[in-house]
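Next come two complexes built around chain A: one with chain B, the other with chain C.
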Partner chain A sequence: MSRIGSWLILSFKLHRWEVLAAAAGVAILSAAMLWFTWQLRALSATDPGCVDPAAYAPGCSQLGQRFYELSSKAELLSYLSWLSPFVMGLVLGVPLVSREIEHRTAGLAWTLSRSRTWWLARRAAFLVLVLVVLLLVVAIVGEVLAFPQMPAQHLDRDFAWYGRRGGLIVVRGLAALGLGILVGAWLGRVLPALLVAIFASVLIFSGISLGMDRWMEGHAIVQAFDADRAGGRQLGERILLPSGELIDYGELQRRGLAYEVIQDDRLWARPEDIGHMDRLIGYDRYLVVPGSLYSQIVLDESAVVGGTTVLLALAAAAFVRRRRPG
Partner chain B sequence: MSTEPILEAHDLAKRYGRRTWALTGIDLAIPQGGITALVGPNAAGKSTLIKTWVGFERPTRGNVTVAGIDPQKDRSSVLGLVGYVPQSPSLYDGLSIEDHLDLAVLLRPEFDRAYALRRLDQLGIPAGQGAKSLSGGQQAQVALALALGTRASILLLDEPLASLDPLARREFLHVLTDAVRSEGATALLSSHIVTDVEQACDRLVVLGVGKILLHDTVSDALATHWLATEGAATPAGAAIGSFGGPSGERLTLVRQPASSVGPDLRPASLEEVVLGYLASGRVVPGEAAA
Partner chain C sequence: MTLRAWRLAFKMQRLELLLFLSAAILLVVASLLIAWGASEARASFDACYQEQGTDIGCAASPSLNDFSTLGGFARLGAFLTPFALGLFLGVPVVAREIEGRTAGIAWTLSRSRSRWLIQRVLPLVVVAIVLAAAVGIGSELVTRTNPYADYAANPGFADYTSRGVLLPIRAIVVLLLAIAVGAMVPRQLPALLLAAGVTVALFVGVTIGMDAWMTSEARPIPFDESRFGPFGDGPRIFDVAYREDATGKVISMNDFYNQHGDVALPDGEQDPPGFTQVAIGIPGDQYWIWAMRESAILGVLAVAAGGLAALVIRRRRP
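Up next is the complex of A and B:
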């Protein structure tokens, strides 16, 4: 057998339960998502006018209701595809080193292999391969389901289901894998490492998400509250002061600009101020990243998460090089 | 057998945590060739010493070398020279023996799969059998075959006999001595079972509470150590340590050339030599370790 064949078979045998669990999870999730895709498409084909919320045709109530129900369930499934990279990355990554230490096989492997970095690279490469293949399926099926679920939207220019479809799922999975390997190498026991890695992944990915939101503010536009935000990503509400300054509600409070009344998009301190433009506190506005920037933002976040993955992988390699085998 | 040292430790000390000293300043040079037994009680530091040579432990003070190479500076080169058998056989539960050999080839391309397989064949251990279903003795034999298959010139065996029954221990030692003699390798075998290593080993290192108490050839150790029973005259300065005999009598180990041994002394067995030295190195409560 070729070296690659031997590597694939042995790597599978060493990780069979995690790989089989991940593959089964992806198969069930994908099958469910494809079933909803098929159902939603069938409804759309029956009467396309009934599934476009912007143009409900008369006599559509039953079909529209059915579409709405299916669409809501499909949306719930999309949250599972959002969760899948974190779950799969950690489930595959954590045991790689920690189980070797827990079961005392690291001593055998680390003396047979002259370089622990190479040992880790070879083992991790298999998991990367498995993870990329499985998460690509989730990413593609997510895209496939999103189209009939949102038939009126141009999803290549739309933040709808952000992180629940497309390549970001794969990139996030690789970061979770790196984190799992690092924490596993650090703690050397599977279950404690899994718990710590879950906690660490919440911190890291929340941090990345908050950082991305702050960074995206630079790309955002200010929109009136009743403007069409189709495809855009709403970052939050802001107050446009008569001076032209844009502030958030926290800053408004800090400045002592209390308001009692919002009339249309206008903020007034008291009801009697309404109509007196010289007493206007400001206008309620939304900060929105236009849908046209969707691909660019996905690429930017992928670069940030990818960079984090590289750092986690380097840290894991450094840790394994110095680690006692247990 | 060459007298050139192949495994060396210089002022080696190893501390775990803030207070626990496993080794307290060891100077040791093990010559090339043959089998050296590293004997000592539990927690004497045997595993720590072996793991330091493999590069698994970092010395707190001093250094070690393997064929002149410091494993902390060039672990890769050291691992190329060393075959290691860990304390518990530690095989992969989900793999067969054949898989273990394939894994070894993958991790170390020069691994001699055929040689390892032949060794296992001779013992009647089927290659297709799962590691999980092997007995303790068979698992130890597989671990030894994996170490031998590296064709390393130095074998470091960290208490592989500890969990084996007498027959399995004998078989293991037979395979080890056969391999070492036929390949001209050097083996260091740590154990606390002295009777087993007596037949297999050429040299003896007694390690007690983190320090070397004796380092000699087995033949010299047997030729120069004697036992004195309670009340017998022992030459001044020759007594090593006293310990209880099988009937409760007090025995004292004496080091003395055979030419000057009095009638009150009888030859000590290797186990008695080890016991005498371990008694001499016993820690007095409250004494600082390092």
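Up next is the complex of A and C:
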């Protein structure tokens, strides 16, 4: 048997339960998503004019209702796509080192290998391979489902289902894998490491998400309340003060600028102030990242998450090199 | 149970216990701070509002909105607590012994496997009850001081699944179920995944069943337009319908529109002439009855899960 074959078989044997569980999860999720794709496409084919949620078409109520119900359920599945990289990354990554330490086989495994780094690289490479293949399936099926679920939208320039379709799923999974390996190597016990890794991943990915939102504000445009925001990523409502300053509602409240009336898109403290421009509090606005920037933002976030993955992998390697095997 | 058995049980899972103890302390302290801050901010807002007759210039810092958001995070933590406690403490009790090949010696040294199981499980049950109850109390305070509701005296069904008495009983069910799954699938991580799946299925089933039971006993509740919306005392609402004023007969919205078509509402009126809109649900003052009913069902499930775990361990090869 070739060296690659024996490496694959040994690696699979060591992680067969996690790999099988992840593969089963992806198979079930993908099958469900493809079923919804088929159903939604069939409905669209029946009467394409009835599945545009933005347009009211007479005689469409039953078909429209059926499309809405299916599309809502498909949307729920898309949240599982969003969750899958974190769950799979941690479930595959955490036991890689921690189980060897917990079972007291790490010393033997590390002694038999050329070096601890080489051992880690060989073991991690198999999991990376499995994770990338499985998450690619989730990412592609997510894209496949998104098209019939949102037939009127141009999804190549649309933030709809952000992180629930496409390549970002794979990159996030690799970061979760790196985090799982690192925490597992640090704690050396499977379940406590999983618990800590879950907590750490919530912190890290929330931090990245908040950071990305702040960073995206630089690319955002201010839109009027009734402007067309299709495809854009809404970063929230803002108030454009007469001075030209843009603040959020929390800041408005902190400044003691309470309003009682919004007429058109103008905020007034009292009904009797309406029309007196010198008493205007401000204009209600939306901060939106245009959909045309979707690909660029995905690439940017992938670069940030990818960089985090590299750091986590280096930290894990350093940990394994210096760690006591028991 | 001897003191030695308690110490051994704690030593076997000290890392998990330390993590949960720290997390529970953090969550309870955070909940208390949020509840205190929210009630202070609300009191100052109410005083300002009463003095001025309007909320202009009454903004508190941090705002009521901030406390509402923080309270949401605390409630989410409380909702997840029984599941995390049960799964992470329950799965390794047997699975780790078998995976580490120490089950044989542990079971041989004990008078019986059932006795071994009780000695290992009882301290964990106590820990799970204490931690879940502490988190449940913290979350109860967060709900009662919700800045956008008047729940101080009776929150009713508000935040039903993330506060109070249901948290400890949920933790016990999940713990015993996880022990049973860990005994059947003697590898920690696969057992954890399977136990999580079984737990989700079980609680989805219980929730659907309880909803069906509650729906069957739901009755019309009049809309009570209070400061914070139509339902001040936290009822559990399942539907909205019309009640005919003359006869008191309640008909669903669908039936109403099928019978009467679109009815033009008089100016300033919310209801068609001769009808009053009512909610169909369970009043908030019946919270304890339903919480006890659900606790009883979960108690039966806990006993069944514990029995299953004991049975599997008695017959299992180590």
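Here is the rule we go by: the second predicted complex is superposed on the first by the 324 of 326 C-alpha atoms of A that agree within 3 Å, B and C clash if a C-alpha of one lies under 4 Å from a C-alpha of the other, contacts with A are read in each partner's own complex, and residues count from 1 in each chain.
Definition applied: a contact is a pair of C-beta atoms (placed from the backbone, for glycine too) under 8 Å apart; a residue touches a chain by one contact, two chains touch by 3 or more.
The shown structure was predicted, so the numbers you read here are calculated from the model rather than taken from an experiment.
Trainee: After lining both complexes up on chain A, report clash or fit for chain B versus chain C.
Mentor: Overlaying the two structures gives chain B and chain C room side by side.
Trainee: So, A:T111: does it touch chain B (first), chain C (second), both, or neither?
Mentor: A:T111 sits against chain B, while chain C stays out of touch.
Trainee: Tell me the contact category for A:A21 with respect to chain B and chain C: first, second, both or neither.
Mentor: Only chain C; A:A21 stays clear of chain B.
Trainee: Name the contact category of A:H103: first (chain B only), second (chain C only), both, or neither.
Mentor: In the superposed model, A:H103 contacts both chain B and chain C.
Trainee: Please indicate which partner A:L136 is in contact with in the superposed arrangement: first for chain B, second for chain C, both, or neither.
Mentor: In the superposed model, A:L136 contacts neither chain B nor chain C.
Trainee: For A:V91 in the superposed arrangement: first (chain B), second (chain C), both or neither?
Mentor: In the superposed model, A:V91 contacts chain C only, not chain B.
Trainee: With both complexes superposed on chain A, which partner does A:R3 reach: first (chain B), second (chain C), both or neither?
Mentor: A:R3: touches chain B, not chain C.
Trainee: Check whether A:Q253 is in contact with chain B, with chain C, with both or with neither, and answer first, second, both or neither.
Mentor: So A:Q253 only meets chain C here.
Trainee: Which angle, in steps of 10°, is spanned at chain A by chain B and chain C when each chain is reduced to its C-alpha centre?
Mentor: Between the chain B and chain C centres, as viewed from chain A, the angle is 80 degrees.
Trainee: First (chain B), second (chain C), both or neither: which does A:K13 touch?
Mentor: First partner only, chain B.
Trainee: Between chain B and chain C, what is the tightest CA to CA spacing in Å in the combined model?
Mentor: Least C-alpha distance after superposition: 9 Å.
Trainee: Shared contact residues on chain A for chain B and chain C?
Mentor: Shared contact residues on chain A (touching chain B in one complex, chain C in the other): 103.
Trainee: Quick one: which bits of chain C touch chain A in the complex? Just the residue numbers, please.
Mentor: 15-16, 19, 23, 54-59, 61, 63, 65-66, 84, 88, 91-92, 99-100, 187-190, 192-193
Trainee: Considering the complex alone, what residue numbers of chain A touch chain C?
Mentor: 17-18, 21, 91, 94-95, 99, 102-103, 187, 189-192, 194-196, 199, 249-250, 253-256, 258, 260, 269-270
Trainee: Can you name the residues of chain B that touch chain A in the complex?
Mentor: Touch residues, chain B against chain A: 51, 54, 56-57, 75-76, 79-80, 82-84, 86, 88, 90-95, 99, 102-108, 111, 143, 146, 150.
Trainee: Flag every residue of chain A that touches chain B in the complex, lowest number first.
Mentor: These residues of chain A touch chain B: 3, 6-7, 10, 13-14, 16, 103-105, 107-115, 119, 122, 324-325.
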